[in-house]
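What follows are several structures.
Across the two complexes that follow, chain A remains constant while its partner is chain B and subsequently chain C.
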Partner chain A sequence: MSAARFPLLLAAELRLILRERLTWAILAALVAALCLAAWTGAGRVAAARTALAAAAADGERAVREAKAAHLRYGRPAAIKVNYWQDPTDAFGYMTYFMAAYAVKPPTPLAVLAAGQSDVQPAVTKVGFGFSTVFDDTATEIGSAAALRLGPFDLAFVLVVLVPLAIIALAGTRLSSEHDSGILRMIAAQPARPRRVAGAKFGAAALVALTATLGGTMLALLLSGGLGDLADWSGAAALLAAALAAYVVFWVAACALAASLWRGAVTALAGLVLAWACLTIALPTALGLAVDALAPVPSRIAAIDASRQAQARFYAGEEAPRVTAAWLATKRPEDARRPELADAPELKRLARDDYYDEALADHHRAAGAQALAASAWSRRLALLSPATALTLALETASGTDAGRHAAFLTDAAAYRRSLRAFFEPRILAQAVDPAPVCAGCPARLDFDAYDAVPAFAPADARAAAARQALLTLVCLGAAAFLLAALAVRRLKQWPA
Partner chain B sequence: MRRIGAELALCLHDARLRWIGAVLVLLLGVAGLGAWRDAVRYGHQVDAVTAAERARWLGQDAKNPHSADHFGLWVFKPSSPLAVLDPGSEPYTGRMVRVEAHVFNDAVYRAVQDAGPLARAGLGSVADIVGLVVPLAAILLGFSAFAADRERGTLRLALGNGIAPGPLFAGRFSALLLALVLVVGLPLLGIGALAALSRDAAGWQAWPRLLAWIAVQLAYAAVFLLVAMLVSLVARTARHALAAALAIWVGLCIAAPRLAPAAVEISVPAVSHREVRARIDAKLRPHRTAEANDSRTREVLARYGVSEADALPVDLRGLMMVENDEHHFDLYDREFGALFDGLAARERAFAWAGLLSPRVALQALSQTLAGTDFAQHAHFVWTAEAYRRAISERMNAEIRDRPQRGGATLVAGPELWREIPPFAHAPLPLSRGLADAVVPALVLALWLAGLAGLCVPLVRRLKP
Partner chain C sequence: MGASVLPADEPVLAIGGAVKRFGARTALSGLDLRLDAGEVFALLGPNGAGKTTTINLILGFLRADSGTIRVCGIDAGADPVGARRHVAYIPEQVALYPGLSGVENLRYFATLAGLELSKDEARALLTEAGLAPEAYGRKAGAYSKGMRQKVGIAVALARRAQLLLLDEPTSGLDPSAAADFSATIRAAAGRGTAVLMATHDLYRVREMAGRVGVLSGGRIVEEIDPRTLDHVALERLYIDRLAERAA
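Moving on, here comes the complex of A and B:
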């Protein structure tokens, strides 16, 4: 058979595959699963957007209430106002009024994968207390059973269920003909095994690609969970291409299984076991490897260090000494004023610096570990097609571990920027207290509520495009390799 | 019994059992010993830091009791010895709580936060291996039970020789179940015994928990053994039986468990932790204003019929702290109580979601018996909160009952710190666990009974 007639053979196989009831049952189940997953994803994204809106509203509420209290206490009255009730006190505002949040907004493709979002909250209130030791204490306690079972998201359907659908569609092509004896009849025709296999698996690939990409698009559109893709079209296109490569990889795996000529059921069983290895066993092994390569530093050791610092600070004359030393570095000209070393707000600022210094090594170790774990995960994920695609989907969704590690670093930097904003103002108020008016309950004159720095979330677009491209290259290479192996084995019909 | 012995002997000679057994023992051993090593290390760290915290609490300088209340301490959740086998909800819930004045702190630092992004792939613990791999092992052992004989024609011979299908089925099933007991039950017993003997198991009733837990895992394995044999009864060839059983495995162990959270979320709506926190903050804010404080001060002075704080028989600041805390306690009880009730209702719903997949029923049942379920976590959180309240109440009472005049500040010393006992947490007893386990146990029993019921007519109509 000439190459020119191959499209005819492909079309015939396509008609054959589309005529099978099993095909339509598989496709219907796949599209239903995609729609359900997109729907749960849309719910998750909506919840994330609600949390972000609530954080923004809370920030505005804090400013509004501070301004109202400023106005109320800026008039003579008999009421006593403590510093934690007084927004004219920069320290009081910073510690008790301000509602500043570091946020990780969902990307326009966030509907694709839950990733780490169910265990790592995307909104964290930036505070100046000492109840916690690390920056990642924001917690959203939810159903542990649900977390343990995992979400039914698009990443799960695309990475785990789509290969099963492909195996069901294409896993017995050629090998069932081998079992039933029809292969002998086909072999008697003037068609080479590669052409026949190419038509059969090509048709299966066309159906699987159309169903997967089309079904995903349909599910995304129906769910309404997609954001504005204007600046994300490149990343989305690369992701679609990576998904296509993943589909082709599994079709190629089916072709390779068929080329072993061991019969349909063996091919099917082998493919399911290969799927279990690639989607469950290998990712588990890679997870263990990441744990070994980037061991988690002890949280308990850090807590112990923080408590040692706390105990040291409050023992004997350490607190005044630390405060005086801190003041000498910040305002040398006022360091000798005895009342300043006793000022509670300065003592607190000095104490927080003291604690930060005591925990600096632990913070560095935790930050480095988070970055190392995400970096190793990114590298090792490429060893399994399933983890590679998962990572690409999570990165596009902005729910990957790398983005979260960077978010925590940014949140810590934001906390430092807030501290840098307030510290000179608190110092100035302590050195030269100036009340709003005589006889007013308001103690001081802070009113720069609108000037407090806001958190600027990082853009996840470049990382998403980079990861999708890397995944596309890896999956494309893997698919090509499997296809080449299958083609090589399909040189001749079985004896 | 003789038939079971003969079938078991056949089974023991099968290379398949040796391979499956070796893989299972290896997987369970690696996961179990790794978890045991981590648990022992974590236990030592917790013991050391708990002792250090107690020493720091007792070694505080003389200070105002409210400052001591703010100094506070950290308390740590004791882990069930059987967490080595099934960590249950433990990785997904905080392990330590900062106990301090005024604040109902969350339990923080969930193990899952520290785990790498690939760690949730599916086979991280012994329980995960039992949930996913043991069914596969049961299928690989049982798929050929009748289909292979049918394919070879030996089933016709056996039935022709007058062997009744019922006893034949029962004998093969019993033999394969015994084989599973050997390759699954014994390793689990070994790891569990190591955990129970080497870790502090006081109050956990570790041995009865362990035996019940292993029995449940074997019942779960039996479900999939029945699935495999059921398919084997009807399949034309062993390979068809294997393909069908694998498809069922994918459906029941991989796909259906992921549907359970979505189903539970729809059927049991629960308020979110973030909303609860926001509501608490919103209710606390008006209570903290200068005006509210002023109004409460005037109300206290009027209650005692005096016009100045120094004329009160108690310390005004101490009394107001007592009353403030009572207000906060009520609020926390209401709001967090509703949150934890909602979460507990969801966890209970997962037991019914076990009707979708025996793996979901097993998860609910297994963690309850292991003492790692959400009820244990909630019990720890509320015990820590009760401890926090006890400290605050004692410190506030000291200030309230020893009024200081002229703006002086009360200073207390080690005698007062010693009045606070060390944090002690007794886990929920096994009887409570058994009560919680009724529904998932019933669901798992339904799976067993349903599959056994399906087998009966097929065995009766067994065709060679």
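Moving on, here comes the complex of A and C:
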């Protein structure tokens, strides 16, 4: 058979595969799983968007109420408002009224993978009202085993279930024909084994690709969870190509299994074993390797250090001493004013710095561990097609550990920028406490509510495109390698 | 496909001194065979005599350790696909896709051979092969062995192959189906197709074959014209030759 006739053979194989009831049963189950997973993901994305909207509304409410209070307190009155009740006081506003949030908005593709979002929130309040050990103490870290099991999201279906569907669809191509004797009829025709196998597995790949990519698109559209892809079309296209390479990888694995000519049962057993190794055992082993290479520092030790710092600060004359020393570094010209050492706002600012310094090593260790774990995860993920695709999907979804580590770093920087914004105002207010309005109940010396720095979320698009491209290259190379091995083995028919 | 015209002196099948060993066991030890267009040659022999090995060598599934196998002048070892263009093969158990009808199976195998058959052409070929029209659209999973063989013959007819290889073609067929099959093969030979069949069925051999070769120990120990003997004499001769060889 000439190469020009290959499309005819491919069409014949497509008709053959589409005539099988098993094919339609597999495709129906796959599309149903994709729709269910997309619905789960859309629910999570909706919850994250609701949390972000609530945070934004809370921030606007705080500013609105502070402005209203400013107007209300701007007239003399018989009452006295304390600083913790006064949003017109810089320290009072910063500590008790301001609603500032660091946010990690879902990407337009967030519906694809829950990733780390189970334990890592998309929004965290950045404030000074209480001292936190960690920036994400609002959530509890769950069991690693439960996390590994993961939610039933699109990433789970695409990474774990799609290969099973492909194995069911293509795992016994040629090998079942070998068992039934049809292969001898096929082999007796003037067609090269590579061409016949190419048509058989090419048809299976076309069906699997159409079902996986088309089913995913359908599920995303039906779930309504897909965001505006206008600026994300490049990343989305690369991700779709990486997913296609993943599908081709598993079809090539089926071709390689068939080329061993050991029968359908052996081919299926080998493929299921490979699936278990590549999608379950190897990712688990790589997760353990990341834990070993970037061990998590003890949170208990950090909490203990925080308690010890608190105990030290309030013991004996430590608080005035620390406050005076802090003031000497900030305003040397006012350091000798003893009343300032007792000013509650300065004592509080000094205490926060004291705590920050006491916990600096723990913060540094936690930050370094998060970055190291993220870096190792990115490197090791490429060792398994399943982890590579998972990471690409999570990065596109913005739910990966690396983005969260960067988010925590950004949130800490944001907290510092807020502190830098308020600190000079609080200091100025403390060293010159003359009232702005005689007889008014509040301080009224802070009204720059709209000038308070806002958190600027990092753009996840470039990282998503980069990871998808890297995954595409790796999966493409792996698929090519398997296909080349299969082609080499399919030089001749079995005797 | 296989309808190219051969030079007058070129046999359809020429096997010269073919030797094939599987480890210590010798399956063929210098097999010589020549088959011209329109001839029906029956290879008689017990299990393990080398019949299936001979067929595998002609189809290019195996390569001979020494000797030559040429189909229509093409070396089957060096160019198995080229040789198979001229060969149609009907195994003892014709296996078809059970979920496809006879027409669909025929069109599929024709596509493998590089042919595009319309449904009407496929039906005409199945009719020529002797399959009843009511079976055309039925799934092949419900076909009897005889019906599956007719689809196999239809594949051979579609390809206009110059050499037809039959492996135990009549085993398991009822007498009526076997008689139909004999008639179909004779018709094919009448159209110039060379037929090589490996069989134990002496009755059908005498009915179909123009020449009979007794294969023993990996080579043809006697060639017989079956028309010169009745069934009993043919059977006696076959058993005697095998006994002599065993001794």
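Note that the second predicted complex is superposed on the first by the 479 of 495 C-alpha atoms of A that agree within 3 Å, B and C clash if a C-alpha of one lies under 4 Å from a C-alpha of the other, contacts with A are read in each partner's own complex, and residues count from 1 in each chain.
Following the convention adopted for this analysis, a residue touches a chain if its C-beta (ideal position, glycine included) is under 8 Å from a C-beta of that chain, and two chains touch if they have at least 3 such contacts.
If you're wondering where the values come from, they're calculated on a predicted model, not measured in any experiment.
Trainee: With everything superposed onto chain A, say whether chain B and chain C fit together or clash.
Mentor: Here chain B and chain C can both sit on chain A without a clash.
Trainee: Going by the contact rule set out at the top, does A:Phe480 touch chain B (first), chain C (second), both, or neither?
Mentor: neither
Trainee: Just chain B (first), just chain C (second), both, or neither: which does A:Phe156 touch?
Mentor: first
Trainee: For A:Glu20 in the superposed arrangement: first (chain B), second (chain C), both or neither?
Mentor: Second partner only.
Trainee: Would you sort A:Tyr83 into first (chain B), second (chain C), both or neither based on which partner it touches?
Mentor: It touches nothing on chain B or chain C.
Trainee: In the superposed arrangement, which partner chain does A:Tyr355 touch: chain B (first), chain C (second), both, or neither?
Mentor: neither
Trainee: Looking at A:Tyr314 after the superposition, I want to know if it touches chain B, chain C, both of them or none. Which is it: first, second, both, neither?
Mentor: The first partner, chain B, only.
Trainee: For chain A, which side has the bigger count of touched residues, chain B or chain C?
Mentor: B
Trainee: Which angle, in steps of 10°, is spanned at chain A by chain B and chain C when each chain is reduced to its C-alpha centre?
Mentor: It works out to roughly 90 degrees.
Trainee: Is A:Ser374 touching the first partner chain B, the second partner chain C, both, or neither of them?
Mentor: first
Trainee: How far apart, in Å, are the nearest Cα atoms of chain B and chain C after the overlay?
Mentor: Least C-alpha distance after superposition: 18 Å.
Trainee: State the interface residues of chain C toward chain A in the complex, per the touch definition above.
Mentor: 1, 56, 59, 61-62, 80-82, 84-85, 87-89, 91, 93-97, 99-100, 104, 107-109, 111-114, 116, 152, 155, 165
Trainee: Which of the residues in chain A end up touching chain C in this complex?
Mentor: Per the stated touch rule, the residues are 1-2, 5, 8-9, 12, 15-16, 19-21, 180-182, 184-192, 196, 492-495.
Trainee: Looking at the complex, which residues from chain A come into contact with chain B?
Mentor: Of all residues in chain A, those touching chain B are 33, 36, 40, 47, 51, 54, 58, 65, 69, 73, 79-82, 84-86, 96, 115-116, 119-121, 123, 131-132, 134, 136-137, 139-152, 156, 160-161, 164, 263-266, 268-269, 272-273, 276, 280-281, 283-284, 286-287, 290-291, 294, 296, 298-301, 303-304, 307-308, 310-311, 314-316, 373-374, 376-377, 380-381, 387, 391, 394, 400-401, 441.
Trainee: Which stretch or stretches of chain B touch chain A in the complex?
Mentor: Its residues touching chain A are 42, 45-46, 48-49, 52-53, 56, 59-61, 63, 67, 71, 73-74, 76, 88-89, 92-94, 96, 98, 100, 103, 105-110, 112-124, 132, 136, 237, 239-240, 242-243, 246-247, 250, 254-255, 257-262, 264-265, 270, 272-274, 278, 285, 288-291, 293-294, 339, 343, 346-347, 350, 360, 363-364, 374, 377.
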